[in-house]
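So the structure is just underneath, and the comments pick up after that.
Naming follows writing order (A, B, C, D, E and F), and every chain is counted from residue 1.
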Amino acid sequence: MIPATSPLAANGDTPDLPFYAASGDECMLFEQAWRNRLPVLLKGPTGCGKTRFVAHMAARLGRPLYTVACHDDLTAADLTGRHLLKGGETVWADGPLTRAMREGAILYLDEVVEARKDVTVVLHPVTDDRRTLTLERTGETLLAPPEFMLVVSYNPGYQNVLKSLKPSTRQRFVAMEFGYPDPDTEAAIVASETGLAPDRCVPLVRIANALRDLKGQDLDEGASTRLIVYAATLIKAGMKPAAAIDAALLQPLSDDPDVQAALARVADLALG
Amino acid sequence: MIPATSPLAANGDTPDLPFYAASGDECMLFEQAWRNRLPVLLKGPTGCGKTRFVAHMAARLGRPLYTVACHDDLTAADLTGRHLLKGGETVWADGPLTRAMREGAILYLDEVVEARKDVTVVLHPVTDDRRTLTLERTGETLLAPPEFMLVVSYNPGYQNVLKSLKPSTRQRFVAMEFGYPDPDTEAAIVASETGLAPDRCVPLVRIANALRDLKGQDLDEGASTRLIVYAATLIKAGMKPAAAIDAALLQPLSDDPDVQAALARVADLALG
Amino acid sequence: MIPATSPLAANGDTPDLPFYAASGDECMLFEQAWRNRLPVLLKGPTGCGKTRFVAHMAARLGRPLYTVACHDDLTAADLTGRHLLKGGETVWADGPLTRAMREGAILYLDEVVEARKDVTVVLHPVTDDRRTLTLERTGETLLAPPEFMLVVSYNPGYQNVLKSLKPSTRQRFVAMEFGYPDPDTEAAIVASETGLAPDRCVPLVRIANALRDLKGQDLDEGASTRLIVYAATLIKAGMKPAAAIDAALLQPLSDDPDVQAALARVADLALG
Amino acid sequence: MIPATSPLAANGDTPDLPFYAASGDECMLFEQAWRNRLPVLLKGPTGCGKTRFVAHMAARLGRPLYTVACHDDLTAADLTGRHLLKGGETVWADGPLTRAMREGAILYLDEVVEARKDVTVVLHPVTDDRRTLTLERTGETLLAPPEFMLVVSYNPGYQNVLKSLKPSTRQRFVAMEFGYPDPDTEAAIVASETGLAPDRCVPLVRIANALRDLKGQDLDEGASTRLIVYAATLIKAGMKPAAAIDAALLQPLSDDPDVQAALARVADLALG
Amino acid sequence: MIPATSPLAANGDTPDLPFYAASGDECMLFEQAWRNRLPVLLKGPTGCGKTRFVAHMAARLGRPLYTVACHDDLTAADLTGRHLLKGGETVWADGPLTRAMREGAILYLDEVVEARKDVTVVLHPVTDDRRTLTLERTGETLLAPPEFMLVVSYNPGYQNVLKSLKPSTRQRFVAMEFGYPDPDTEAAIVASETGLAPDRCVPLVRIANALRDLKGQDLDEGASTRLIVYAATLIKAGMKPAAAIDAALLQPLSDDPDVQAALARVADLALG
Amino acid sequence: MIPATSPLAANGDTPDLPFYAASGDECMLFEQAWRNRLPVLLKGPTGCGKTRFVAHMAARLGRPLYTVACHDDLTAADLTGRHLLKGGETVWADGPLTRAMREGAILYLDEVVEARKDVTVVLHPVTDDRRTLTLERTGETLLAPPEFMLVVSYNPGYQNVLKSLKPSTRQRFVAMEFGYPDPDTEAAIVASETGLAPDRCVPLVRIANALRDLKGQDLDEGASTRLIVYAATLIKAGMKPAAAIDAALLQPLSDDPDVQAALARVADLALG
């Protein structure tokens, strides 16, 4: 276990810490997982702050952070590294997983279910008590230092049947669930991010929550905190609230004219 | 935010500005998004002027413009760059996204839903508050300058089920919807583009609008402004209107003989 | 617009002009499209003369012609070019599209719907008012000279559901439809191509037209002008007409014994 | 047209001519097609002698023969050629189509429907009146000499739905249909190939024809002439006829025990 | 057969032996298989100790152990080796199978059904009495020394239809089935791994067994021993048991809110 | 035909001949096929001795043997050869087919239906009277010496619909069917292979035959001779028969608990 005289002790008001408003004991759980070398799985909807949370914790724990946005074509070699041709010679170039293990960094794999299966399987020996990575191509075997941590995230909301984490992968992680912040916290976040007066942020949050209630009926996914920030940014820049709400909160959610009309009515009602 | 003493202030009658007839406050919204570093999503049917609009705004804002027509085989490396073999050595060659970020340019991804998923996901760190691009292959991390902007477009009209923007991608953009210009504006555009007398353009616009009403019934997509311009060009060059309308407005829309006959009747009626 | 003092003015009886018997104003429309820099789409059944028409017009307009037969595996790089390894160095080799743009030639993409989607999309910036081609791999941007023209063709008869031109591609072309020549013209063409006496060509054309009437019932596609030319060639070479008709007009159309028998009866009846 | 003073005139009893027993005017038709530069399509069941026929005709016409067995993974480059790396330099290596065109040879594509679509399409410019092949990779355009001929074959018996010749490809060939030889001819062929006494070949042919009648019921395909030759070879070598017939005529046709039993009964009955 | 004076004789309390609590005669069977050069197949649910068992046995038998986590994209070359470019020359680099055969090591293929078929087939000559591996690319043929052993594992619980071991592969292995340890053994394992007092481990094991009973109803797979270890680790580090149980035992098993609630009730009941 | 003064004449008791207990005239048929240059197809269930038979015959005929286990990703180039980069130069490396043809060896393709179609088609010119192999990549054409022989095998028991030999491939082989040896022969084989007393082998064979009767009901495939050998090996090494039978004869056949129970009952009954 990593001793308590770690950078996290010097918490409080670190100047360059990315802003994160905790809604429970997620910071403590993350820190304990890190100290005890347990990998972590973050679950939650798009734009609810998972990425920000990891950035915040990496800064608090004083560890470098490597983020990889996973996708269909991400292969194991994109994580571990590959040989490049330099001066007629093949030279090995570390991937982010290898680099993170060498440096004792935090590796964050965003939307890990999107990756190809060979990616998730390459994580297995890293996530059990071996904490090793074998680079078949170089013959090297890396042992993760205590400071190394693997964090993965995904959005259960639109996890499809073809792509899901196999039990043998899931059961390698301590898991925590994220949701949208409560309205007051969210309005404070939006105000802090955009400089718009808090009382002008409150109705935007009210609209977003009204739209979130439509999830599963007309919408695949509710409005994220990020979209509220966009709307507030445009209003702060001088745009009329109605135009800003349309461009930032309604148009991004759907292309269907009927749904658009419904969203507009919901927004109007929320504004009261 | 980019200060108001930017090139846009010198608006009015810039000589080399690509012609664009605004139909609302789309120019203002685009400018505000640019000043506030928000990425923009343009939605609308084919040939309604989205590409022209972006060219117009890039010129007004004094930014270089890189356009990428997305397709099935467009990979992340096509955007970010790749190693080429030169003189027995691999040399890195920037892709348009990397180049646009280095130069503070506007990158326009046309029909972004056609791209493979790894493309849309590579855009994620560029489109959130990090505005960074990590080039795994070179180990470089780029931070976008304030002048950089990402614009994407797609046509909701024939967006298929397999290919759609994931909510986690959509919710990273301020969105605006485009339609065809109103008849008078469109006739003025056609006249301006072709040199054909405005009163000879009016009936062509009338035909196009009659054909647009058939969308969803006999046609996948109505006649674009571009096709009206083609018809006007051929008429201006001396062709008989009936032949020009057939070649430029009717034949491109359908191959079905029955539909062709129906289109011809609709065109006749529209001419009165 | 290309001025009227172009090679087309010197029309009439150019010695090396590939033979083409016009059946309407298609030559004039093609010429106007070329002079006004509009791309052209040719639609029509197999073997009806589309390729010959393009060769004829390219010669009349005095432009080099590059023809590409499109297929499933044709990629954008096959059109634009690629790097080849020469002497340990990668050297760029222009593809036919790039070459045609540099030389102001006519590029003819035969059966364009067969190409992969990235091919049709690479044509977009070439076919709108930009008329530009960006070679991502070299960083070069080409502007098409006025003499450059893009012509594409396809056969609506067996255009399948999976493969069709997207509206955003179709609406970039002036379109013209081709059919088989009328019987007298076709007999004259066959006589001219083979040297067989015209009165011996007439019954072959009659058979072909009888077989064309079976399209959609027993046959996917009627007998092409090319097959009539084959039959006439064999007869001219001394084969018995019945054997030549079987080998050149009946056997190529179907493998089904019942259909073969039906075709033979139709041919007998047509011969009277 | 190739003049009649060609090698075929010196026909009769050329010593090294591969044995072929003609069953109609197929040799004359093939020769006329060759003299008149028409490509030929051979249709017929497996093992009925198509390949031997082409070898025979190539020898009679005094032309080199290149044979390519087509399959799922055969690409256009396998026919036209490709660059190979030699001494650090890419060197072009002709494929069989290119070689055949340079040498005025006959190119035989066996089971052409098995090839990928890009293969059949690369044949288009070779099979129409242009008779040209453009090597995109080298920029070379080859014109076929009069002696060059393209021959393709396929077996309509198990041509599947996914794989069939497109009309635009089929209509480029003079076609001829092959079947099994009549019993007397076939027995003579088997005797000539194996040295087994003709009267001992007759019952083997009778069995094969009895098995052929089962095609479409229990068997995908009847017994080929080749299998009769195998059986006769084993008998000539001293094996008991029953064992030879089982190993060469029955076991290769089916794995189903019930069908095997039925085949054995049919063979017994045919032997009388 | 390997003689009994092998390292296993010096069993008892080897200091560095990975801890493994045997639940039957699996150690004896594994040892006999190794001595008699028989490959072994381990079957059982995720996280039940298969990997630990192999590590334990490899240490007891004094053999190096190579572990490969199999996946969709694992190819035969990943096991056997490949040529790498070094200094302009291709150099052969052994894969783990080749290395294990050269060194007389134990090769463990985890989740072997996930590998591509060419992988399982490359194992055939290694697993029959030939015990040879032919490296086509180098022309070398390796004969396995007596100490070499191949061990594969898979989880029959979520073996899908598309991916299963072919009988011709399965029938090359001696097979043994694994399950979770009995409750007392499992609590002892958890206490030994985490340092948490054994009586505090007992209720965690009770919860896990209650959750395992839900397999097939609400869960794809029950809670593994590994997850109990995680929970105990967090409790030992000072977290409240309820929070640790939620993060380590409940959240990793399902994303469905209803299922989560059910799991929580089951855990509560198990705690009594 | 290869003369009778071949190594086979010196048959009888060759010291290093792999043991094979013939169950019919398969050796004579194989020898005649080899002498008369006919390719051979072996059909039969897994583990019944096909591979051993080929090894035995190759040794009797004094020919080198090359065995290739076919699979989904086996390409034609894996058989014929490929260019490797050595010292900056591409060097051709023969594949096993090419090597076997050069040396007059026997090439054995195990489970040939698993190979990709291009593999089976590359065999066509090797298996007809041409007996030639054209290496497109080198331009070389090999003629097989009389001693070369091609042998292929497959298991009709689990031949799937997608993967079957095309008639045009099947009809190139003399075929022979293999089954399990009769009980006495099989017990003798097991005793000879393991050194276990013959009377202790008899009940193991009885169990295997009882399990084979379940094929098609509960099992995909019955127990192979190889599995009996495994069981006998473990018993000979001192394991209790029940444990050895479970590990070697029951566990490898199925993962289903119900089927396992049924197998155990069948084994008990067979033991009497």
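Some observations on this one:
FYI, a residue touches a chain if its C-beta (ideal position, glycine included) is under 8 Å from a C-beta of that chain, and two chains touch if they have at least 3 such contacts.
Composition by chain, UniProt nomenclature: A, B, C, D, E, F = Nitric oxide reductase NorQ protein.
The shown structure was predicted, so the numbers you read here are calculated from the model rather than taken from an experiment.
When chain centres are defined as mean Cα coordinates, D lies farthest from chain A. Rounded to whole angstrom, the centroid-to-centroid distance between chain B and chain F, based on C-alpha atoms, equals 62 Å. Chain A and chain E, compared by their mean Cα positions, are separated by 31 Å. Each of residues 85, 88 in chain C touches at least two other chains.
Chain contact topology: the protein chains form a single closed ring, every chain touching exactly two others.
Following neighbours round the ring, chain D first and chain F right after, the list reads D, F, E, A, B, C.
The part of chain B that touches chain A in the complex is made up of residues 1, 25, 28-29, 32-33, 35-36, 38, 41, 43, 75-76, 83, 85, 88-90, 116-118, 120-122, 124-125, 128-129, 134, 136-137, 139, 156, 159, 166-168, 170-177. Contact residues on chain B toward chain C in their complex (touch as defined above): 46-47, 51, 67, 69-74, 78, 84-88, 93, 95-96, 110-111, 114, 155, 157-158, 193, 220-221, 223-224, 226-227, 230, 233-234, 237-239, 243, 247-248, 251-253, 255.
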